[in-house]
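So, here come the structures, one by one.
Next come two complexes, and both contain chain A; in the first it sits with chain B, in the second with chain C.
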Partner chain A sequence: MENVAKTAVRYLPIVIVMVAWEAIARLNLVDTLALPPLSKVAAAWFDLMRDGELVSNGASSLYRGSAGLLLAVLIGGTLGMIMARCRIFDMLINPLVELFYPLPKSALIPVTVLWLGFGDGSKILLIFLGCMIPVTIGAYNGARGSDHALLWSARSMGAGSFRMMWDVVLPSALPELLNGIRTALALAFILLVSSELIVSQRGFGYLIGYLGSTGSYEGMYAVVLTVALLGFAVDRIYQLLMQWLLRWRD
Partner chain B sequence: MAGLEGQATDQATLAEAEARISHDALRRFDDIFRRGAGAFSILALLVAWEVFARSGKVTPFMLPPFSVVAERIYTDAFHGDLWINLGLTLYRALTGFFIAAIGGVTLGALMSRSRLVRWFFDPLISVGFPMPKIAFLPIIILWLGLYDISKISMVVFDAIFPVVTATLAGIAGVDKALIWSGRNMGAGERQMMWQIILPAALPQILTGLQVALPIALIVAIIAEMAMGGYGLGGAMMTASRYANSPGVFAGIVEIAVVGYILIKAMAFIRRRLLVWHTETAPS
Partner chain C sequence: MDGQAQIVVERVNHTYRPPRGRPVLALSDISLDIRPREFLALLGPSGCGKSTLLYLVGGFLPIEAGRILVEGKPVAAPGPDRGIVFQHFALFPWKTVRGNVLYGLERQGLPRPEREKRAQAFIDMVGLHGFEDSYPSQLSGGMRQRTAIARTLAIDPSILLMDEPFGALDAQTRSLMQTELLKIWQRSPKTVIFVTHDVQEAVYLAERVAVMSARPGRVKAIVETKFPNRDPSILRSKEFVEKVDQLWNMVRDEAIKAQEATGS
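== the complex of A and B ==
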């Protein structure tokens, strides 16, 4: 009971903001076109769910996002671990990683469109390219910190290089790798939504732009809030997953 | 006995010093080698780009040769709008960044001082931080129009979160002994904040700013792409719309250079501001 009350007090400010929003819109303190009441936004959300617009556009966004991110984790993670263990590879690839690391990833949007057009392919490529760098850096830093005694004993016990990577390097790289993936996750959402806003015919970002340009601002608000809450929820779920994956650590 | 012991320690320090010198030399050699390898791989990338683009395996539309892109940047710089675009993008990104920096540190400091402010903003920050705030761009356009103010507001909205959380964490981590001795010596609230708490929290605040700066640049470019007009992002979108691929690739190279310089400058400022801190002491 006490816990419930504590949580209620903790999240009360969010309720206050929601009530203030509703009141400001209802009392016509600002143009209701620019700020429709929250209750109308909620109604618009149910409408969008009922006619399937939100679900179908959401499904294609989620497909693009998870495909791009998965590729980034697999390829970026492997690359980072190999870089940490192989000196020549490190010397050749690291400067390129350093070169592309400060590149504001949004600059890649027009290029991916140039290469793969307006569909799924360009979004997946964009997310893959954008998210690979933080994953690679996480894997690299993590794997470089792996205990040499562990590596030596694994080798003396006759582990091959693949087994070494999988059984020794990967677990010790895991904390930093998982942090890198968390950064990539946030970046994936940003790149996904912005590329869909700018050039697309499907997806959350497209739906936001479409509803905005046809003047149904309640619907636009509903989709914006859906994306924002989804980003928040995914991050929280990922944090739980991280804790579970790292439960063997003290 | 004492003499012998002294001699032994002398020898030990001598050996240590020798080891350090050879270690230093090795490190310097390693450094040069690394830099060489770095320059080599960047050069190799450019040559591979040029050769691959000219090999006929891809159309010049998909990948214009690097020399064509370089020429395009040259014409942009001397006969075109490069400086206007660059200036506008930097103006939007940096203005937003500075507002986010000042606002974020102020909010963080207020939250750490006042329980009421903290109670109100804590859930908003923790829910807002992981949200993809760029989704709010159309709403900001709806409110503020297509002018600079909406682009800068978008940058502030996105860049302020890491600054607030870093300031909060930094202030929470300030050594209690510092605070007690400051209080003991009779420092007032204002003095405590400016002379003890903020300087002690500076390393973490700077880390927050180092996270916020690339975000500011990314968001400024997205906003320009979505709204069109002048600016590096807008210029890239225009080039892409007219299927002008040298223009698009020139944009990437220009934006990459700007990002690289800004990040290096920020790291440099960090080292200068933290000369007094153990972090920058030679190890």
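== the complex of A and C ==
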């Protein structure tokens, strides 16, 4: 009961914003074209759901986002751990990571289109490249911090090099790696929607751009809110997953 | 002598070279022979290189000068023939007590039912029944230490390297663990190198006690401490008390030297 009350208080500001939005729009305090009432946005959302636009565009966005992120986690994570354990790799790759780090990844949108065209491939590549940086850095920093006594311990009980990576280096790196992935998750949403806005015929970003340019602002708001909510939900679920994976920490 | 010694340490040096700061000579020209199935205790002031010596025998540190032979073969890498209990436990924090004790058994390729039975037996032995599913962060220092002991004993290594293995235990638990260790050692004889700061413990458990000098460490003296039996009643016998006194004085001299060295 107390928990329910706490949650209610926590989300109260959101409710206030929703009510204020509706009121401002209804009272014609701003142009209703620029800010349609929330109730109309909700109606537009149901329309978009009914005709399947939201679901089909959402599905292709989700596919691109998760494929890019998955590749970034697998390849970036492995790369970061190997860099931490192997000096030659570190010397070769680290300068590249540092060079690539400050580059605004959205600048790569035209480049990836040039390479892979307007379809899924260019979006996946863009998200992969952008997300790889925080994942690699997280894995690298985490793995470098692994306690040598734990490595010794595993060695003396008969673990080989691969097993030590999997059994000791990876779990040691996990807290920082998971934080890196969380950053990557947020970045994936940004890159996904902005690239779809600019160059795409499908996806959330495309739908936002299309509805905006044809003057269906209620629909546009509905998609924007959907993306925001989805991002929030994904981050929440991810945090729960993180807590579970790191349950061994005090 | 060479022929019967299980572990031979011959004129070994070790220098730590921290990435920042000046090199530290931890061991200088140290030699030590350990017979097969011997229980040897290692006494010496803090910082004299006891842990370093164990790491070298364990194969964790490179041997720069001199040589270390185990059963006639030079030590090259760590292996499950030499089980080690680390001074700071080195438990996997992401594994439970059971997971930690199982780890070595998994690496040895024991079939599942057998390794679970074995792990449970050693967890019970160190008195951690009921804490199988706890993570190290949820245990006291002494409980972590006992987990580390169970983990190493479970793989049944022929050589046991123990670095102050009972240091975090209260007197009661320590006495119980000493008895268990002696039982294991008598049942399946192993060569044990046992580092401790407790002179009485060294005399009670070991057949020989090596006293190390202040850093850079070398062996200052070796004292035979074999008694007809290891009944706790010997703790009050005259010979026992005398041995403890004799060793205590040696260790104290070295501790004072160590103090002076860091003081100047």
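Keep this in mind: the second predicted complex is superposed on the first by the 245 of 250 C-alpha atoms of A that agree within 3 Å, B and C clash if a C-alpha of one lies under 4 Å from a C-alpha of the other, contacts with A are read in each partner's own complex, and residues count from 1 in each chain.
Note that in this section a residue touches a chain if its C-beta (ideal position, glycine included) is under 8 Å from a C-beta of that chain, and two chains touch if they have at least 3 such contacts.
The model shown is predicted, which means the values in this text are computed figures rather than measured ones.
Participant: Based on the superposed arrangement, let me know which partner A:99 touches: chain B (first), chain C (second), both, or neither?
Facilitator: first
Participant: In the superposed arrangement, which partner chain does A:113 touch: chain B (first), chain C (second), both, or neither?
Facilitator: The answer is first: A:113 touches chain B but not chain C.
Participant: Between chain B and chain C, whom does A:249 touch in the aligned arrangement: first, second, both, or neither?
Facilitator: second
Participant: Would you sort A:121 into first (chain B), second (chain C), both or neither based on which partner it touches?
Facilitator: neither
Participant: Mind working out whether A:175 is in touch with chain B, chain C, both or neither, as first, second, both or neither?
Facilitator: A:175 sits against neither chain B nor chain C.
Participant: Could you look at A:231 and tell me whether it touches chain B, chain C, both or neither (first, second, both, neither)?
Facilitator: After superposing on A, A:231 lies in contact with chain B but is clear of chain C.
Participant: Of chain B and chain C, which one touches more residues of chain A?
Facilitator: Partner with more touched residues of chain A: B.
Participant: Could you say whether A:163 touches chain B, chain C, both of them, or neither, answering first, second, both or neither?
Facilitator: second
Participant: With the two structures laid over each other on chain A, which partner does A:152 touch: chain B (first), chain C (second), both, or neither?
Facilitator: Only chain C; A:152 stays clear of chain B.
Participant: List the residues of chain A that touch chain B in one complex and chain C in the other.
Facilitator: Common to the two interfaces on chain A: nothing.
Participant: In their shared complex, at which residues does chain A touch chain B?
Facilitator: 9-11, 13-14, 16-17, 34, 91-96, 98-111, 113-115, 186, 189-190, 192-194, 197-198, 204-205, 208-209, 212, 217, 220-221, 223-224, 227-229, 231-232, 234-236
Participant: Which chain B residues qualify as touching chain A in the complex?
Facilitator: Interface residues on the chain B side: 33-34, 37-42, 45, 61-62, 119-124, 127, 130-139, 141-143, 214, 217-219, 221-222, 225-226, 232-233, 236-237, 239-240, 243, 245, 248-249, 251-252, 255-256, 259-260, 262-264.
Participant: Looking at the complex, which residues from chain C come into contact with chain A?
Facilitator: So the residues of chain C in touch with chain A come to 55, 58-60, 77-80, 82-84, 86, 88, 90-96, 103-104, 107-108, 135-138, 151, 155.
Participant: Using the touch definition up top, name the residues of chain A that touch chain C in the complex.
Facilitator: Those residues of chain A that touch chain C are 147, 149-150, 152-159, 163, 167-168, 171, 174, 247-250.
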